[in-house]
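In the two complexes below, chain A is the common chain; its partner is chain B in one and chain C in the other.
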Partner chain A sequence: MTLDLIVAQLFTGVALGAVFVLLSTGLSVIFGMLGVVNFAHGAFYMTGAYAGVFVLALTGNFWIALVAVPVLIGVMGLGVERFLIRPLYGRGQDYPLLLTFGLGYVLIEVVRILFGTDGMPFETPPLLSGGLDIEGLGYFPAYRLFVIAMTAALMLGLWILLERTRYGLIIRGAARDPEILSVLGVDTRKVFLLVFGLGTGLAALAGLLAAPMRSVNPEMGVAVLIEAFVVTVIGGMGSLLGGAVAGMLVGIVVSMTALWMPEMSEISMFALMALVLLVRPHGLFGRGALAR
Partner chain B sequence: MHETKTTIGRRTLLGGTIATLAAPALLLRVARAADEPIRIGFPTPLTGPFGAEAKDQVRCAELAIKQFNAAGGLKGRQVELLVRDDKLNRGEAATRTLELIEKDKVACIVGALSSSVQLAVNEVTKARGMLYVSISQSDTITAMPDFSRTTFHEALNPHMTAGAVARHVFKPGMKVAILLADYAYGQEMAAGFRSAAAAIGGIDIVLEQKHPFGAADYSTFLPRLRAAKADVVCICNFGRDQANSIKQAVDFGLKRQSKIVVPVLLYNQRLAGSPEAFEGIIGGSNYYWTIEDHVPTAKAFNDAYRADTSGGVPSDYGAYGYAGIRLVLDAMRRAGSVDADALVHQIENAKYDTYKGPETMRACDHQAVQSVLILQSKAKAAMKNATDLFDVLAMDDGSEANLRSCADLGHVAGK
Partner chain C sequence: MPMCAASISAKGGPAVADPLLEVRDLNAWYGPAHVLQGVSLAVGPGEIVALVGRNGAGKTTTVRSIMGLIPKRSGSVRFDCADLSARPTHERFGRGLGYVPEDRRIVPGLTVRENLVLGLLAARLGKAAEAQAIEAVAQRFPRLGERLGQEAITMSGGEQQMLAIARAMLSNPKMILLDEPSEGIMPALVDEMADLFLDLKRGGTSLLLIEQNVELALEISDRAYVLDQGRLVHDGSSADLLADPTIRDRYCAV
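After this line comes the complex of A and B, so read on.
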């Protein structure tokens, strides 16, 4: 086992970590701001990939899909919040949890009926196909580097939106104390609506970005839901920074386990989660019980 | 005395009346059983990562039954296929199989599409003396202790398939690396490559890298595979795992330094993947539609499938569905009954040609001796149409020499 190999494996882990961060952001935003445990996250991710196939077939342009898909599925998310989630606010966390759990199954079944149970091919956009020879690491696919960059940009954008803008202040306020905020004249229902739409749009974007790396099929979101939960729980439910750190950590742990004990690589993330929860029951960056 | 006699008389009368009334009903029931369709149970993973292959198996199985019924059935009795989704789960498959046997009273079971799930089905059928035709790859199902007197393995097995591919690709002096899914299929295929490499001689197996079954991301397994700098990398996994792992291995430049081969090159996965990712990849197969140019039964099978699906062509695993059902139906017709012993007797030692050229059912282990095709995935530019996916590089004719001996499989000679 050479040092080169360990370095290559570490870098692969970081790249995989970026994918994990991407997968879990939508889940984290919705939970952090609304307190809704969105079990349909994986299904929104999957519909994002299918919407990508559809937009790509229509326009032949990946870049248009990159903008259109989050908007399309985000709008669908708005509808879901308005007509399905909203009536359940104030009834305890298990109501929206059960609802989204069922919604996930409905979405998967609808996609199976519309597009069949077979997978769909999704080619890497021509501009990003091929790879780069990185000194000391060897050949690395350009598309994965693009995904890392996209994830970094996305996280930065989200951070600026939530922490540095007036809208972010309102969103954080709505998460902390919706009652006071509505007394101050803010329509909190609208805030919740938009945050849910943002979360589903992010899930869809993750699905679209994952499509050229993994195949597109109705069940592609099932494993992703679990991975996203692991990352969110390790990072601390609802913490954007926690999600980013946890995603990277999970990527590196999975990758290094794959090097020494490949059979254990899938279980390693759960072992990590158990370990973190033993030491920090609210996750690495969790704030403890929600203020509400 | 008189009173007693009357009582008996009344009872006799009552009993007689009931018997008289019941007799025609009973006779009617017997008669109805003869008109009732013969049921064949077909557990298969319609949902999950092997869904594409499973769906085509059902389509082809239905085709074989339609042909049989159109030709008059079994002395007028029609045959019916009972498809059950086993969800690629051993427990689910065993439960569904048990239901098919106990509740639906099927005449036999055909199907299951995973080396481990078929063993779960086999346990149920073996314990009940039920005829079972397995149509997916497994070495253990024909070996002791899993062997069952009433089970037949119509599919290729990993030893034959990996062996044929290895004999075509491996050359003495080569370095070989293996990536395998960590479950029965991957392990059996890897064993097949290993034993073929040992038989060829002078081959160095430099790495065996396992990955979890159903993994979505293979990037973490690739640095070691690349560092191994092998001449040939054998990727031993099935269904979506195949398309996913090949796509990612090619993305990471594995094809630039090694030749990628797979034991079974899947038609449906090449469709779900892309021509670019699969280009040049070599693998084995039980069937590819273009053999119709020189195999008359393949031509007939393809034509029937085309008529049934408005122009499609059957896939490799779909063809197994057809072959498995035909094996049973032809035996029923020869035996003139659905009795399990009679069918076993008909199938053992059978020589037949239903879709791919001549096959023989080896009596000692119930493995179908048959040809293995060596295929290579075409470049996009070389494809004439959407179904023109592979070149047939070679056809390894069926021969017992390519199978493990029955003594090696644990069968006692003379049994």
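After this line comes the complex of A and C, so read on.
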């Protein structure tokens, strides 16, 4: 086992982790805020990849897709919250859970009808098809570097939004106590709407970014949803930093076990989750007593 | 002074000529339990009105209904010449109706300053005006001023109560609904709080004051309503009620 093989695998793990981070961030923000366990999140991820295929076919430009896909699917998320989830608030967590579970299946079926069941090729954008060759360390594909950098920038932006702006204060406040915010003049329904749209847009972006690295097919969101849940649980529900750390951790653990014990790579993240929960029942950065 | 074009006060109306807040025939339910049964009350501009009664009489339910926070309710709420009966809670605040809830509702995870800023969100001030407003609070409430960067829920109960009141005052509401502001506060601070309420009144702010401490409430208020089992059983001037203990003994004894 050579060093460059280990480094290459580690790098793959980080790139994979970046996708997990984006996906679990949306999942965790939506749960922390709306109290909704969003089972449609994997389907939004998949829809993002297909929307990418569609926009790419239309414009031939990956960079346009990078902007258009999260916006398009984010707007779809707004519609889902407004017309499907909002009527269910105040009825217990099972209702939105069942709704999003069903919605996930509906989206998969719609994509099967529109694009077929076979899956689609998704080429790495030409500008990012090269790589970085570092003597003695190995070869780093440019696209994966881009995914990592893009995720880091987004997480930083999101952190600034949440911790340094008034919108962030509203979101943090409404996550803890929506009633007091409404008493202080904030339309919390609007906050919930926008947060759901934001989470959905992030899922779509994750799907688009993953498309050139993993295959695009109608079921691509199923496994990744489970992975995102594992990441969210390890990091602690509702914690941004937790999701980022746990996403990287799971990405690295999965790809390193694939290197040493390929037969174990499927279950390694669950073992990690069990281990973390034994030591910290609320996850690495979870505080436990979230308002709901 | 609001002079509403179409005031609805007519026969048997409240004892206020030109009310800022006028509540009529308020009913509220928790599931099948009909806990408020036809409550009507009014508060004039610059008036302090006390709402007293035993535990479970429905005082909290009354003010929560006025803020639109009880899902199952009926009756009308007019405030500052507008019918708010069907308006959502945040719009009621926007009209100038402040509320300090019974359990203070200091937001965990946020600092004292952030909790105060929440009270200014709807005003959409610039950064400078916002800092100025917070500075004014720090001057008026030195205990809060010393703790602006501290996580708010780590403060003492009395300090949290001050924070809840300061937060509701920041937007200069026309009226504040106060649900047991003196609860769990040491006597020295209670006097300070009473002075603050009288200050607010002098500044033209109306108060609807719910109090377990009936003596205190009657001393600083102009008028009072007594609530029992979801119905109003008495209303009149606070001075009269203070002088005549029979009603107090009957409806306010714990």
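Here is the rule we use: the second predicted complex is superposed on the first by the 278 of 292 C-alpha atoms of A that agree within 3 Å, B and C clash if a C-alpha of one lies under 4 Å from a C-alpha of the other, contacts with A are read in each partner's own complex, and residues count from 1 in each chain.
The rule is simple: a contact is a pair of C-beta atoms (placed from the backbone, for glycine too) under 8 Å apart; a residue touches a chain by one contact, two chains touch by 3 or more.
Predicted model, so just to flag it, every value in this text is computed and none were measured.
Residue contacts after overlaying the shared chain place A:G173 against chain C, while chain B stays out of touching range. Judged by the touch definition given at the top, the superposed model places A:E123 against chain B, while chain C stays out of reach. Note on chain A: of its two partners chain C and chain B, the one contacting more of its residues is B. In the superposition on chain A, contact is made by A:V183 with chain C only, not with chain B.
Across the complex, chain B is touched by residues 2, 4-5, 8-9, 12-13, 15-16, 19, 112, 117-121, 123-124, 131, 138-141, 143-144, 213-215, 217, 219-220, 223-224, 254-255, 258-259, 262-263, 265-266 of chain A.
Chain contact summary for the complex, chain C toward chain A: residues 67, 69, 71, 88-90, 93-94, 99, 101, 105, 107-110, 114, 117-119, 121-122, 167-168, 171. Those residues of chain B that touch chain A in the complex are listed here as 46-49, 51-52, 55, 182, 209-212, 214-217, 219-224, 226-227, 240, 243-244, 247-248, 251-253, 256, 268, 271-274, 276. On the chain A side of its complex with chain C, the touching residues are 90, 166, 169-170, 172-173, 176-177, 179-188.
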